[in-house]
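Here subunit A shows up in two complexes: once beside subunit B, once beside subunit C.
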Partner chain A sequence: MSAAMPAPVQWDTAYNFAYLDEQTKRMIRRAILKAVAVPGYQVPFGGREMPLAYGWGTGGIQVTASVIGPDDTLKVIDQGADDTTNAVSIRRFFERVAGVATTEATEEADIIQTRHRIPEAELAEGQVLVYQVPQPEPLRRLEPREAETRKMHGYAEYGLMHVNLYEDIARYGHIATTYGYPVMVNGRYLMSPSPIPKFDNPKMRDMKALQLFGAGREKRIYAIPPYTSVKSLDFEDHPFTVQSWDDCCALCGATDSYLDEVILDDRGGKMFVCSDTHYCGQRRADGHVGPQGVPGVEEAR
Partner chain B sequence: MYVAVKGGGKAILNSHELIAETRRGDPAVPELSTRQIANQLGLAVDRVMAEGSICDRDLAALAIKQAQGDLVEAIFLLRAYRTTLPRLAMSEPIDTARMLVRRRVSAAYKDIPGGQVLGPTYDYTHRLLDFALMAEEGAGAPVAPMGDAPLDEGMPHVADLLDYEGLIEPELADPEAPEPFDLTREPMSFPAGRDQRLQNLARGDEGYVLALAYSTQRGFGGNHPFAGEIRMGEVGVEIVPEELGFAIDIGDITVSECHMINQFEGSAEKAPQFTRGYGLSFGHNERKVMAMSMVDRALRAREFGEIARYPAQDEEFVLYHADNVEAAGFVSHLKLPHYVDFQGELNLLRQLRREHDERQLREAAE
Partner chain C sequence: MSAVMVSAPVDERRPLLRVESVSKSYGSTIGCRDVGFTLYPGEVIGIVGESGSGKSTLLNVLSAQLPPDSGRVEFDLGHGGLRDIFTLSEPERRRLMRTDWGIVHQNPRDGLRMDVSAGGNVGERLMAIGQRHYANIRAEGLDWLAKVELDASRVDHLPKTFSGGMQQRLQIARNLVTRPRLVFMDEPTGGLDVSVQARLLDLLRGLVRELGIAAIVVTHDLAVVRLLADRLMVMWKGEVVEQGLTDQVLDDPHHPYTQLLVSSVLQV
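Then we have the complex of A and B:
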């Protein structure tokens, strides 16, 4: 042992590294490899019961547990924020069972586990974005039966979804889906992007990072390898559009980020702030100030 | 000035402290031991073992204590623990005909070989609150009288008695059958085999399975069941270690079992015959195994060429929603923040309302 050896990683040794046993990780990695090989296809896997409630990210943490190594740095966000309670809880879980370094900085993370958002900053090659997925089947609301939807994917029979979108246009004049907006991956599989706002859909296309999706309760894994075509469904005369706001972020002044509405009082007062807390903090550290921001005060958030 | 809620981490830790304090309750009252729970709340322990899919009274008692008596939470705790356990061996099928019976009743016949054995049951108690149990000094240590003669060691299954006349479908072990489906290792797949279905129902929420069974009696199904036999008692569990090559007994477990006998009208090819529904559970879980056997039969609709008209006959509906750990998790996840999606819906709703108003104004102007 030379003195140059890094200190061994510390984790709760009552459990295997990253909680799951090695056979389970291997089974999940096989499912991930298949998912990467067939982009957008939902691979059934023997999802395990995790010490986290179903619906709270059990698929995401199984995927993260299977791909994480002792030298990796992990970032966990929920609704774009690092400090929401469930993100804190999942980050603490991996600190405890894997002893890995964690970060809030998007660019420093090797693995980013997310619920409902894609970070604003562009991801890089080598990074892995792990999505928590409540319902992997984009057709489920239109066809409740798994036996049927698997056939529809097999035959690439997606007319039902197009009709559904068309009905929106007939009723409202435009498509009325704001999150979980269905995408076509690699020109073959219809895929649910998980409940991210449609604002984030364009970021999935040709992303440099590997995108992995884990649905624990439904026991499905799917993936988008780097540089893969991802197209949000639309019509020639009704092209896909994303949300926009009249306001900018009240803290950092950003006009290009997804904004959350914050209620200030009970008389209709409100402001808009970036949903991506790291992006907002970074901008303020760089000197950007929004209409209600305080220059240079990082602690404001 | 806006300050976002930071310090979710601290709040979580504080909530852990608070739940520990709340769980303990008034410190002036003696603390409940897991031994007391395992012994005196035995039926709660049995349910948690059955739906938690692990036969261990002490762990189930611990889970119940830790969950403050919330059985669904206790089941979740046991399940999360069970996934971390290695699989050492696969047991031989248990033989419930060789059960040391503590309770065994049949509603199909007045008397049966081996006899009807009421055993410990609340069935014929009047449901009057027994205020004697509230006494400070406790209820003492009641002792039930012993019978004159011991019960038979093994008792044949009542449903099998009908076999001699061919009145009921035979239920024979298939030596060619592949290893049974394992729901804890593989995701559900459809159409589901009976092995997958029975595992799912055995782990399924008692209330849910009960309600489905009830629905088949009330007109949302039509299988006219007879409780062929319900039994509860101890059976031996055997494994065949590879290095030995023969079966060894590793201990006894308590199980409840129900054979439900149902009518079948027959078809052009097949004479009318009774058909079976089956229920089995760890511990004393009579309500569960009866309900399970009825839902099992309802879900055999496809096998018998019956048209599936009712919820209890719809296997994706029944099996996908039976697990209370999955169901409670997904319902409770609505407590997680959804403000990103909610923002999307807010924007859309404002836009739709604006467009609606504009349309109305336009129409009024015309």
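Then we have the complex of A and C:
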């Protein structure tokens, strides 16, 4: 898709390359370097106003804008899909202000900006995964005081997080937290993995790609360098588990991917499909067909 | 000095808390002045006085929540011996607060997490010191609810559905679960009706004796100290005007203010 496109690349030169001015990018890169040096630690940065509402990925966009180069290929996903509103508009934004090549193929991308998912395909060394984070502080729900949560991080006092998990088990009989499931990074810092489903938590452990997290409203950046230990919190008698489904993907038949439930009619009809659209499409192109899939549909397109 | 029946070996009679001429003022207003005493393990000391006499200031200084202008507060850290609590590093002090110390606030809302279930409230300290086995934490929580006479069926209920007396008992359970060596209590029976007060005092007295916990109880209610405290300190205008064994002070008050205090209690 992003085949050899010999430069010169073009962008809307009314803007500086990748929208942010160079000093801002340097400031954000310094924050990123610090974040990589102290895995899981939330580094404050001077978040800028972006041409996008808070909550739509302003943090992720600023991180992407600071690390992207003219030769990079960008992939943007929202809930695993390349074709949802948020993903489409952010991808178009970078096409316009940075003139970079974009792709839907996970393995072809240098930078993948994501909201709520980690791609199913294993990422490789050299790739960068940028998360959009609404609330970087995992302790916030239990401890509203910022000064106090900073101390708790500083002194590694994380007992309170288990109170949250205790409450889950007491109320539901199992740990009912399914997204934004808290993790310990590098055995030191408690970290919120942004609202990805806990299904994706194990993928963060020892990932070959660099993971960067940007929270625009809260103005925090944190990171997990490649090959870093990431452990999901649990109890000895209630170990961490990921979601599982009785069905496979209705289109491609995958049993190892995160499935979205799609309501088909008002009589209880539903189907489960891969949330990672590229992964699903790839499988169908390879000839896999699910119970409701149509063989050969990918070749026809 | 205190009401200890058996004479323990000398090294076990090490003071738990030693307070030396502690003073704290707010500008020209005196909080407390030149207060000193020694507390031994398992001993309960009462601090009484009227509103504004410096009781709460003193308690805040003793519990390391407010640095004094002068004087020292030393706590026996066990292995380290007596250490000035204000020279401890902040993480050490915070660790002390959630292991060896307990603080029972007058208003249970200050001491409880109101949006966490009763069992979670009791289990918080256990998880803070590293327990990671759900069933054990829950069993300990249930055990402590029973100890403070709360119904086991309320273990998953939020404290805001509890009555004032139940909240106060839950707060006590939450503090005692790590078996602290020293508990600070600020008006533990304040705001409770008389029959609930009596039951709570009975419970506190039993727990403190059974577990051998030392306690500092601040109150304006002489009945509370009569029941709980071995020794008594009477504060007036920021100074300790009289101290001694509780019965001695209450039955034979020497200072005019103590006499006034004792005679002000309505005899029914």
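Please note the rule applied: the second predicted complex is superposed on the first by the 292 of 301 C-alpha atoms of A that agree within 3 Å, B and C clash if a C-alpha of one lies under 4 Å from a C-alpha of the other, contacts with A are read in each partner's own complex, and residues count from 1 in each chain.
Convention: a residue touches a chain if its C-beta (ideal position, glycine included) is under 8 Å from a C-beta of that chain, and two chains touch if they have at least 3 such contacts.
Just so it is clear, the structure is predicted and the values come from calculations on it, not from any experiment.
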Given the touch rule stated above, what does A:155 touch, subunit B (first), subunit C (second), both, or neither?
-> second
Can A:247 be said to touch subunit B (first), subunit C (second), both, or neither?
-> neither
Please indicate which partner A:264 is in contact with in the superposed arrangement: first for subunit B, second for subunit C, both, or neither.
-> first
Could you look at A:107 and tell me whether it touches subunit B, subunit C, both or neither (first, second, both, neither)?
-> neither
After superposition on the shared chain, which partner residues are touched by A:167: those of subunit B (first), subunit C (second), both, or neither?
-> second
Could you say whether A:95 touches subunit B, subunit C, both of them, or neither, answering first, second, both or neither?
-> neither
Considering the complex alone, what residue numbers of subunit C touch subunit A?
-> 90-91, 94, 113, 116-117, 119-120, 123-125, 127-130, 132-135, 137-138, 155-156
Residues of subunit A defined as touching subunit B within the complex = 15, 19, 21, 44-51, 53-56, 58, 78-80, 83-89, 92, 115-117, 134, 144-147, 172-173, 176, 178-180, 195-199, 217, 219-220, 243, 245, 250-251, 258-262, 264, 271, 273, 275, 277, 292, 294, 300-301
Per the touch rule above, subunit B residues touching subunit A in the complex are 1-9, 11-12, 76, 79-80, 82-84, 86, 184-191, 316-317, 320, 325-326, 328-333, 336-341, 343-348, 352, 355
Which subunit A residues qualify as touching subunit C in the complex?
-> 142, 151, 154-155, 157, 159-160, 162-163, 166-167, 169-171, 234-238
